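Here is the structure we will look at.
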Amino acid sequence: MSAKGYQRKLDIANGLVDLSHGSGGRAMAQLISGLFHQAFGNEWLARCNDQSAFDVAAGRMVMTTDGYVVSPLFFPGGNIGSLAVHGTINDVAMSGARPLYLSASFIIEEGFPFSDLKAIADSMGAAARRAGVHIIAGDTKVVERGKADGLFISTTGIGIVADGLDLSADKARVGDRVLVSGSLGDHGVAIMSKRQNLAFQTEVVSDSAALHNLVACMVAAGGSGIRVMRDPTRGGLAATLNEIAHQSGLGFRLQEASIPVKPAVAAICELLGLDPIHVANEGKLVAIVAPDLADAVLAAMKAHPLGAEAADIGEAVADERKFVQMATGFGGRRIVDWLWGEQLPRIC
Amino acid sequence: MKYADEFRDKAIAQGIARAIGVEVNSQREYRFMEFCGGHTHAISRYGLEDLLPANIRMIHGPGCPVCVLPASRIDMAIRLVDRPEVTLCVYGDLLRAPGSHGQSLLRAKALGGDIRVVYSTLDAIRLAQQAPSREVVFFAIGFETTTPATAVMIRIAEKKRLKNLSVFCNHVLTPSAMHSILENPKIRDIGGVSIDGFIGPAHVSTIIGTQSYEPLAEQFGKPIVVAGFEPLDVMQAILMLVRQVNEDRYEVENQYSRAVTREGNRRAKEEVSQIFELREQFEWRGLGAVPNSGLELKRAYAQFDAETRFAIHDLRVADNPACECCAILRGAKRPVDCKLFGTVCTPETPIGSCMVSSEGACAAYWTYGRVRDEPLRRPS
Amino acid sequence: MCLSVPAKIAKILPNDMAMVSIDGISLEISIALLDGLKVGDCVLVHVGYALAKIDPAEAKRTLELLQELGSAGERRS
Amino acid sequence: MSAKGYQRKLDIANGLVDLSHGSGGRAMAQLISGLFHQAFGNEWLARCNDQSAFDVAAGRMVMTTDGYVVSPLFFPGGNIGSLAVHGTINDVAMSGARPLYLSASFIIEEGFPFSDLKAIADSMGAAARRAGVHIIAGDTKVVERGKADGLFISTTGIGIVADGLDLSADKARVGDRVLVSGSLGDHGVAIMSKRQNLAFQTEVVSDSAALHNLVACMVAAGGSGIRVMRDPTRGGLAATLNEIAHQSGLGFRLQEASIPVKPAVAAICELLGLDPIHVANEGKLVAIVAPDLADAVLAAMKAHPLGAEAADIGEAVADERKFVQMATGFGGRRIVDWLWGEQLPRIC
Amino acid sequence: MKYADEFRDKAIAQGIARAIGVEVNSQREYRFMEFCGGHTHAISRYGLEDLLPANIRMIHGPGCPVCVLPASRIDMAIRLVDRPEVTLCVYGDLLRAPGSHGQSLLRAKALGGDIRVVYSTLDAIRLAQQAPSREVVFFAIGFETTTPATAVMIRIAEKKRLKNLSVFCNHVLTPSAMHSILENPKIRDIGGVSIDGFIGPAHVSTIIGTQSYEPLAEQFGKPIVVAGFEPLDVMQAILMLVRQVNEDRYEVENQYSRAVTREGNRRAKEEVSQIFELREQFEWRGLGAVPNSGLELKRAYAQFDAETRFAIHDLRVADNPACECCAILRGAKRPVDCKLFGTVCTPETPIGSCMVSSEGACAAYWTYGRVRDEPLRRPS
Amino acid sequence: MCLSVPAKIAKILPNDMAMVSIDGISLEISIALLDGLKVGDCVLVHVGYALAKIDPAEAKRTLELLQELGSAGERRS
């Protein structure tokens, strides 16, 4: 009787996560090796240590983390798994760094189907492989029914910054251009389209994507002329620019007419009383770029598939009130404020 | 978006702005009240004030149902939610509306109240069907635009014999409020000067028709132009008002003829009149108790009336005394005149309800107006 | 609160419902408040209900008037 | 009117987390800066970027992650915050690495009191400062009431391994000694004592502690004679040794009489039909050490306050069945199996 | 722990082991059945088999209430849990007990069933009081040891007029089961050889007293020694059985005199007899339907009987045919004789209930016995 | 299932309840099944109920017998 024999195979098709899968026993070990390690398959996880080791060259690294609580878990253009990989890769990439490794912590509600978990883990594995990063550490917790919403994932990413690059929100300067890599609000609208009490149909799918290759092209074109990059996720473009305004002590002046928004996204926003600049993106970035390099960076963005619709939407201005303002398509001016309240719960 | 984008054309807007500039009498001021929050929003959102001559002053009226809802009604809803069997359905705008003592439905929800944001009354029906053991209460709010949706919901609930759906009714009537403003010189005449004309509601008027305003124009001698919510609609309406004033006319004109008729939507009015009847009076924030300005369910529909069903009674609660909402809703003050604006009172932590809805005067000023506050300065 | 957008009737459904489309979005709404709608009509949608039918001729007329007023303003200024 | 003025102060005493604190708006930004940054206070977070950068020397690094879903959130000897710091530091330290940086992802249930959140964040900050690590990245999500259980925290840690050290579970060898750093089961019993349907009183408190300094002393004494280290958390000593047995292809033979267990822990285990070797620890470690260095390492452990009750409890043996067995205090033999099932949900 | 640690002394154990070794007749085999899972657990947990002479064979009896519960009773409980109003309270051991078709309460819980693990019947009372809108059902299981706690719960519920608490009763009687084993030669005589004596239950006997076993010893001519659950208690009991066998005696002896009397716990017996009465028969896994071996609530307490209240009926479901539980529970086979042992059937995925409770023969062998399976080999 | 541990009565509480202690652990249990318990008595606790009082004299007697049997075994082997 081999030790391996002392175990029944995971029944992916019919199995459900139960409390035993979180209690540190053999059921947990089997779930981790039979489902997660299968999906993420790499040498680090195979060693089954409490931590994974890797060699680094001397230099500058970055670390970032995000929790993913999106509802529903599967949406047009992705699922919580691919989102959790892309989102954290993007936060690494926004420093100009090359993402290297991810960790993933899973909090699973009792009763969650193995089949969904496998689909999600598989898309994480696929997203990581496509991006050339490795998921080298993980953790699984199971909570009682009614104490979570199916599945939450927290991922942490680390990456390495090229020599001489130091992007930071406090580096924006008066006159810098504001570039966005594409149309705004696609992710948020794709999620909304699947929410039970809205249930509209649209061809808009989430833009969820890993942006580090786009970033590499931008860095090649703009170098340290790129002052700041951010991915406008929760709170959308408005939140991102307000944050940067506060950190840099500047204001921004945008041209509404230059901001790319898909007609369907604009329409659903009007219907619901939202503003596309408040809606979440998961595969877009905002870059604040020195004016003399803005055109070169914009051209580099447009040359990359993920930046084909990139646009220059405005500039940094001196304003001790740190207002983000916008010239409306109609010729008036308005403030672009942070999102108030709670309009779109759980888009990421 | 067809029938929307065309009415947002910048070039035409600039032309009309110039036309207005040419037609205004530069020796006088024009004070127009846009009754509706929808117009307030359009004016602010598109920055129309940047296009209008300085002697046209737009006064934001009380036409936002969330803004005029007194704190007592929020408190009553919170009492409902405190009942463990109740699921309260609300339109999203209501979550942050302030009750008394810093309460709100958002806080009641965070404390465990079962509150669901719905997009439509049809969602409330679905919820009631899905959870037969819950008491689903729909927090009905809105002007004549929104009331028919509530009426249809009750009719469907009756047909489906839904026993667990009821309505907490806060529907109010536009003409009554306009009448109340015009009738009361303290409210009507701001700083001793009276309002010169009104932009009449867009979507309310699709239901009630322009004829509803004719007695008002007649009785008080004020021009009223019913206008759409697109910025060009508003520009045109302002031009039409300027012309009436200049020509000493006080007619009801219909700028929004693509959607509004003199009669309105007969079928919707019928739905409403079958189910609702006038309350003797209803409390409006800013206007006080206005006679015949609110609706309640007819006696035949009492089983759908949450106020009857759960025996909740009108609570009298004081609004925050420092909040200038009342004066602002009457057009007597501007948001920046309020000491709390932007310090204690912000959209995240609103003290008055004008700071809640994006159609509220304070919120609109916060989002769109502040840009004109101060000149840009070089950072130190 | 009185938010409303113009939408085109794409399909009439049973029970006073209809499918409408708005710039590539499809949405199911109630048409209980309007009589005699047909596919292709444009309506104003508010909280999931069609409130009013948009009259294309009137819309055209208003737009023409606006253009005229606008260019008049331009000429006169 | 200064930009700063545009905000009401956080009302820590009475405030509750609501959905607006997770929506990417100003309420969220205020919660993060007013509560988390206050508690963790360091230069990285102050820059408010999507990621934090730090310099590294060339070498070997480790990364690890854990989710914390303990219930109740406050327990004798700690709370979920200190636990989330200690637990992840320990997983870093078990490689022999010096922990450097942590990230923390918070998933908060709507209605959670600011005051509890502050107490938890403050203990995280204090635990990190005591341990000399920095929490340099964070994320906050808010989920609807009934979609979580108050608060979940996922932390990720990275650290740097001293030259020449390469601990791994596959390195255990026949004849190696098994050392534990102190009494078993304290954490699990402390948690159980607060579970509603048990409600016994005990003076046992959680052993939650950061072990990296103890580890440093052990490494100084034993160098690469230390083959493996693990912190026996969920599943206890039994899970840890079974894992190592499987990874190294060995068996273990333990002496029950040598295993330190507090009388109160033994008693509550008997009452509930549990075994202390299955109960979780959060401030203990197991080390597999080459026989010639075991005494030196044990002496080093005993010299450290967190290892005062350290003990040599058995040895690695050749066994292709990879059994962990134990000579009972009574003179018989038994298998030390993984925990079955789900006895103690949410101890970490 | 006082009254426990003293009875776990290794040195004394070795002395007694030698005494047994001296006293046994090496020409014969001694086959003793420990009826109780508690003894099975002690024997395995402390490795007593390593201390006993080879010609003493301990046969694990059916004395684990979880192990003898047929799959049908788990299926019935799952039916209860399927009712949305029901909260089922269970002792933790039951969660993994197998129903039919791979079902279990653990899976029912994962699928959304409201199942709570309780430590005591007092927890069920508290739950019922806290959630008056829920139907709290207590899954009562256990021998005479555990039945009084259920009886007290019902008495309290009656006194407190709790209308939402009931009992799914699975209490069974030890002497009836022992009688059934002794009476049936197919069960009693394993491989044609009969059992030489019994170790009688420890905690069951604190309630029912040693007198309950006297008719059995008399009728079947088998010695019975009631013994405590500490390892020295078991060692002493074995020595006492060896002596009775050697001396051809068949008495009921009481090794556990510090807690057990001839009469038992009169008050506990009264509590039980007030509330429960005998079922005509009850199904035991391994023994089949045993007459007068189970309890149900008296008619006067029918409102507390979940089987009546929710009209759930006994389901006949087949156990997995490959599972050798039945033979193992009768002592006719050993766990390793089962083809499923350790491959398909493991503690995480038990096929039979003997693999569930740590007192079950298969589980005990899994945890404690496998160590003796094969000699240690050098890893390749 | 028949798990039970010996515990000492530390305090008699109302409603047939008592506080018992076991090696530094305190636990509230029901004593509804036993009459006449007093502080200092030792009982067997099973699923939150005291099942039986432990007789110290009998315990001592059993232990002495065990020791005697043990040493007899030792002598004789």
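Each chain gets a letter, A, B, C, D, E and F, in the order it is written, and its residues are counted from 1.
What we mean here is this: contacts are C-beta pairs under 8 Å (C-beta built on N, C-alpha and C of every residue); 3 or more make two chains touch, one makes a residue touch a chain.
No experiment lies behind these values; they were computed from the predicted model shown.
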item: Shared chain contacts [subunit C and subunit D, defined touch]; value: A, B
item: Self-contact between copies subunit A and subunit D, residue sets same or different by half; value: same
item: Centre-to-centre distance between subunit F and subunit B (centres being mean Cα positions), rounded to whole Å; value: 75
item: Centroid spacing, where centroids are CA-atom means, of subunit A and subunit F in whole angstrom; value: 61
item: Approximate Å spacing (C-alpha centroids) for the pair subunit C, subunit F; value: 83
item: Rounded Å distance, subunit A centre to subunit D centre (Cα mean); value: 28
item: Where subunit C touches two or more other chains at once, by residue number; value: 3, 5, 22-23
item: Where subunit A touches two or more other chains, by residue; value: 1, 18-20, 25-27, 263, 266-267, 270, 272-273, 320-321, 337, 340-343
item: Interface hub residues of subunit E, defined as touching at least two other chains; value: 1, 4, 13-14, 93, 96, 106, 119-120, 123, 347-348, 373
item: Chain-chain contacts as defined at top; value: A-B, A-C, A-D, A-E, B-C, B-D, D-E, D-F, E-F
item: Footprint of subunit E on subunit A - complex, ascending; value: 1, 5-8, 16-20, 25-27, 30, 110-111, 145
item: Residue ranges of subunit A touching subunit B (in the complex, touch as defined); value: 197-198, 249-251, 263, 266-267, 270, 272-273, 317-321, 323, 325, 328-335, 337, 340-343
item: Subunit A - residues contacting subunit D, complex; value: 1, 3, 18-20, 22-29, 47-69, 91-92, 94-95, 97, 101, 103-107, 136-144, 146-149, 152, 154, 156-159, 161, 166-170, 230-231, 233-236, 239, 242-243, 246-247, 280, 320-322, 337-346, 348
item: Touching residues (chain side subunit B, partner subunit D) in the complex; value: 96, 106-107, 109-112, 342-344, 346-349, 373
item: Touch list for subunit E against partner subunit F, complex; value: 1-4, 6-7, 9, 11-22, 36-38, 64-66, 91, 93, 119-123, 141-143, 145-146, 148-149, 152, 201-204, 206-207, 229, 232-233, 236, 239, 255, 257-260, 265, 267-268, 271, 357, 359
